[in-house]
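What follows is a set of structures for review.
Two complexes, one shared chain (chain A), two partners (chain B, chain C).
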Partner chain A sequence: MTDIVETIVNCDGVSVFYGENRAINNISIDIGKQSITAFIGPSGCGKSTFLRTINRMNDTIEGCRIEGRVTVDGQDIYDASVDVVPLRAKVGMVFQKPNPFPKTIYENVAYGPRIHGLARNKSQLDDIVEKALTGAGLWAEVRDRLQDSGTSLSGGQQQRLCIARTIAVEPQIILMDEPCSALDPIATSKIEALMSELSNEYTIIIVTHSMQQAARVSQKTAYFHLGNLIEYGDTKEIFVRPKDPQTEAYISGKIG
Partner chain B sequence: MLTIISVSVIFLGLLFYVVGTTKITRICDAAGIRPHSLFMYHGSFPAILAVAPPLVLLSLWVVADDIVFNMMLEARFPEGLEVEGRQTILILLAQIRNIAEGIIVGQPDDWIIGLADTLSNWRNTSDTIIAGITVGLSVICGLFGISRVKPEFRARNAVEALLLTGLGICSLIAIITTIGIVFSVIFESIRFFKLVPPLEFLTGTVWNPEFEGAARAGSGQEGMSAYGSIPLFVGTFLISIIALSVSVPVGLFSAIYLSEYASKRVRGTVKPLLEILAGVPTVVYGFFAALSVAPFFRETGGMFGLDVASESALAAGFVMGIMIIPFVSSLSDDVISAVPQSLRDAAFGLGSTKSEAIKKVVLPAALPGIVASIILAVSRAVGETMIVVMAAGLAANLSLNPLDAVTTVTAQIVTILVGDQEFESAKTLSAFALALTLIFITLVLNFFALQIVKKYREQYD
Partner chain C sequence: MPLTKTEQIVNASLKARRKKERAFQLFGIAAIALALFFLVTLMGSILSKGIPGFFQYYITLEIELDRERLDPLGDLSEQSLFDGQAKKIIEEVVLEKTGAKSRNGRKAARKLLSNGSDTRLTSFVRANPSLLNSTQKVKFALDDDADSYFRGFVKKETPEQQRRLSNIQIEYLDKMNEDGLISHEISDYLFFGSASRNAEMAGIKGAAIGSVLTLLVCFVIAFPIGVATAVYLEEFAPKNKITEIIEININNLAAVPSVVFGILGLAIFINLFGLPRSIPLVGGMVLALMTLPTIIISSRAAIKSVPPSIRDGALGVGASKVQATMHHVVPLAIPGMLTGTIIGMAQALGETAPLLMIGMVAFIVDIPGSVTEPGTVLPVQIFMWADFAERMFVQKTSSAIIILLLFLILMNGGAIWLRKKLERRW
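So, the complex of A and B:
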């Protein structure tokens, strides 16, 4: 899948400010449905900031301000009438450091469905939890210890638990901010395999520092530099024939 | 005299420091090597040795010499002197001490003046002796330290070990003092329970220690004094509950507001303001309770046809609750702020509203600390005395009605021990029994609270 079949996220002239500092500079980008898009770029170039505009997690940061238009599924998410609660259920997020709640594995996954009222009774909730854990490739490992604390799992398991927790609310889009940077190669490859599988059903946007990871899992890649979107296109194209000299410099290891 | 001795010992310490560093520098320069430890440590080692032991000895002496002198003086009291009980002896001894210091009241007996002279002589001698011993000890220890100073001597580790010993001794002092207090309370309580059966103390519902002597001596007035402690503990319980039901919600909610909702600027001003509440002396709260709050409650109650005592548990408990707010809010605020931001992010990322994130993620994670702050509040409430004395009255009514006047254990201890008292009487000793029971109850409370925390603790890292 190289061409965008159907756009799900559309950003138009987006700028983000922290106080007076401009972290993102007038970025416009279309992101396709049920695909994996990778954001790459040197540290501090604004990848995380831009990612967080898509589920309005920047709202939680004091002094952060955004200009421009972001639409998800055709809806302007910064419109005054938009409620962030259903938005964040629709656009889930997995963080860099695994951050399971200090609750049981079961409660971790059940948290989202509970607050959104997705289950009518205990057995429905059980089903959702099992399905999410299966989807995150964790079910076999934890089925006998659902009542153990989520923090008692290994780092890679914790990250998959966080993915399970995210998909338990059935989002359309999953934002992942360097989800493998705290993991070893084996756990990383498990998560990469999981991403490919999930992309049949979900739209995934992943921030990564690993060129190989971007090349392995994504269909589209966007290269950021100092708050600007330098180049955006098919992953194969970008890695083989980058159009922009800056992109080339970064990919061949001269920047960053 | 004491100051001169201490100063000279410290001066010796500095001297030994210089000597130590000089010695090690010389040796090393001559041999062209580096010592095992920094020069500083080679100086500190003899310096600490020269200062610490003599100062410890000096402070022991200061505590001990009066005791020794008293014993020696007592042995010299004239034959055939009539003394009734310890009390008289203590008064005589105090008189002698005063005269030795030049405070003469009235016309003391000749033998007393004689003994006072002897005492001043002893004191002078003892001062000279202790000065000699401390300075001597300082020099000996310091010289010993200097003799150890060699390039290969592990001065750094030795200094480290000395510091460790010092710290250990300090914590030991704290522990020993506590144990000492507990044991003295236990022994005095045992004496009390010889006069009043424990069962009466623990289950009696009337507290009336006033008619001492008459009652216990079998003079036909038995039954007039009574040592049933239940009204006091019920009073303590009642007032503490009122205080907690004010301070826990207010404190906890303001902690949540401060840590989760307030902007940095608001937090920066409100938090110190709240903490000022903790710095107001309890006497001030006491008269606030007695003069403003209690009458207010009485009048308001009167408007609704309620009969509120002019000194009521409600007034005291309410004001006590206000006093405790900062203990709850400050500590809770700290533990809530310590919950990692990543957990909040996770909750928001899943679409929680702010209050859901707080209720379901932040507060459970902060629970152990919050419980700890509540335990602190409980012990403050149980131990608070002044407000109760001033606002709740001293009447030991057995009542759970917050509008009645009640009294608490601590307030009773104060009334028992204020003013003249015979040390041997059941009335005085009852204070110890009350204290013992109070200590026991607080221990049990703490124990259960800790168990609860352990059970519900959510471990994050």
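So, the complex of A and C:
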């Protein structure tokens, strides 16, 4: 049933602990290249925690510990020799709440390329910024106000700015943790359209509370419950014929 | 419509609740009223004493600036002016104006002018050499006793033995006043004078410059160290027993009496390192020790108030921890850090005790030109003046307090302005 062409992220027996608390319990999963994978499940089941293991953002949390193996492009990212800086350049992240830097729109997008030294001069940087903003579907709206503060944009625009900021470093994988939860339906549909477009180039993993959103945008869906991966498969299959009774109960609105 | 059960219960308790609220409000208003009363009393007493201290009485005399007598060597050098007869020339004019003839009368008349009059005349000559050999009007300060007479502190009705001016002196002063020689003006000595035992000549310039130098040293040392400590503790330090102990100690240090820092400074900077006493450098270092906890605590609060989402955003695009901190967290926290620093410095500006410990209480006439020259600071100057009994010192003490308060208001205003100006929204 799995028709993954090529695996980019492979997790093998991953468990995550916050102090003594086990938030993720022995999860193994393969995620395909250039596709959209949705993580769904009731609140507190560990979707965010699991998503954050893939770019090691959990490292910033005091007392968070991980067991098992996570590989990206075949490389064990928890190996002692791995530096998180290039890893996070490769695995970008868009957060639940839009969090642009309180700097200009231009600086927001230019920040990543600048610290990684992706542009050799100003005009190259300009090009990268334009390309990223175009990719995020924001260029037309902000081309005349690049020097305005990023925080002066609307919520939906801010979230697209954050997406532009992420794709400006040309990652391979983009992790999105409920990127539309603070947005209205119109802004949401814009971002969904954007995701579909981006999936031609990038691998996208999205956490969402909206069944419809998962059904609309993703090719694969993983259902989490209390730190366990209950079911993982083609989105169509999961929504039409869930194999596990828990998945079925959640999708039909009985657990939530 | 009948009331629901909840409504009935709520209504029954309303009266008691209202009463409590009113009592609480009354208590608050009473507390504020009391505070206001003390504030008004304090300000009233300081202003009523201090404002007259900004003025003093001057006498304007026509002086013949005879070059032969004032500048015998003819080169306007300090030595030459010192050898000259400035004092004698002024006295001659005073004797003429008072009409003092008798031996006692002449002695009494001479004491009416400030001791600093001859210095004032020689500086006038030095500043205006082209006026030599002409007759000019020059203004001299009255001696503080004579000054007190015009202020009404010395009264004619008091028996002669009980007042500081003799009958004949009062007569001379009245005469010169009738002749229009006496004027009441803003005191230039207060602002441009330095420490002096003569009340009419004493001023705050030396102390003010000492304060500025001391605070400068304090800022240069305390700000970078405080900010670096705060950034390290907030962003990089592991959370373990050791950092916990350090944190607790920093918080406790903020409550340590300032005089203790003075003793520490005396023991370390002066006795151990052998730095000289009384210099603004040591004063600034001691005050830096004292303000460090304030700066660290407020800087940490400023860093904490930067939303974690900003950090995550930077880390998410692959910034290293140091980059996320330096590019995003610190710039956003700087206004808060500066505000805390200014408040800490304002505290340091008003500090007396630790500076007494390191000898900044010495009687120093020279104005410090650098941080390694002995000096004193405003609050210590106030402390010293408050010890003198002369009426004029009492007033000048209050004047200096007003000036110190103005400095404080200025600094706190600066802190508010900075906060408003640099405040960012996210």
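In this text, the second predicted complex is superposed on the first by the 254 of 256 C-alpha atoms of A that agree within 3 Å, B and C clash if a C-alpha of one lies under 4 Å from a C-alpha of the other, contacts with A are read in each partner's own complex, and residues count from 1 in each chain.
In this text, contacts are C-beta pairs under 8 Å (C-beta built on N, C-alpha and C of every residue); 3 or more make two chains touch, one makes a residue touch a chain.
Given the structure is predicted, the values throughout are model-derived calculations rather than measurements.
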| item | value |
| --- | --- |
| Partners on chain A (chain B, chain C) - clash or fit | clash |
| Chain B versus chain C as contact partner of A:179, first or second or both or neither | neither |
| Contacts of A:97 with chain B and chain C, given as first, second, both or neither | both |
| Touching partner for A:166 - first (chain B), second (chain C), both, neither | both |
| Touched partner set for A:89, first chain B, second chain C, both or neither | both |
| Candidates 60-68, 96-104 or 240-248 of chain C: the single one with C-alpha clashes against chain B | 240-248 |
| Set of chain A residues, in rising order, touched by both chain B and chain C | 55, 57, 60, 62, 85-89, 92-93, 95, 97, 99-102, 111-112, 115-116, 151, 162, 165-166, 169 |
| Contact set on chain C toward chain A in their complex | 239, 307, 309-320, 323, 327-328, 332, 424-426 |
| Complex contact set, residues of chain A against chain B | 55, 57, 60, 62, 84-89, 92-93, 95, 97, 99-103, 111-112, 115-116, 149, 151, 162, 165-166, 169 |
| Contact footprint of chain C on chain A as seen in their complex | 55, 57, 60, 62, 85-89, 92-95, 97, 99-102, 111-112, 115-116, 151, 162, 165-166, 168-169 |
| Touching residues on chain B, where the partner in the complex is chain A | 263-264, 340, 342-353, 356, 360-361, 364-365, 458-461 |
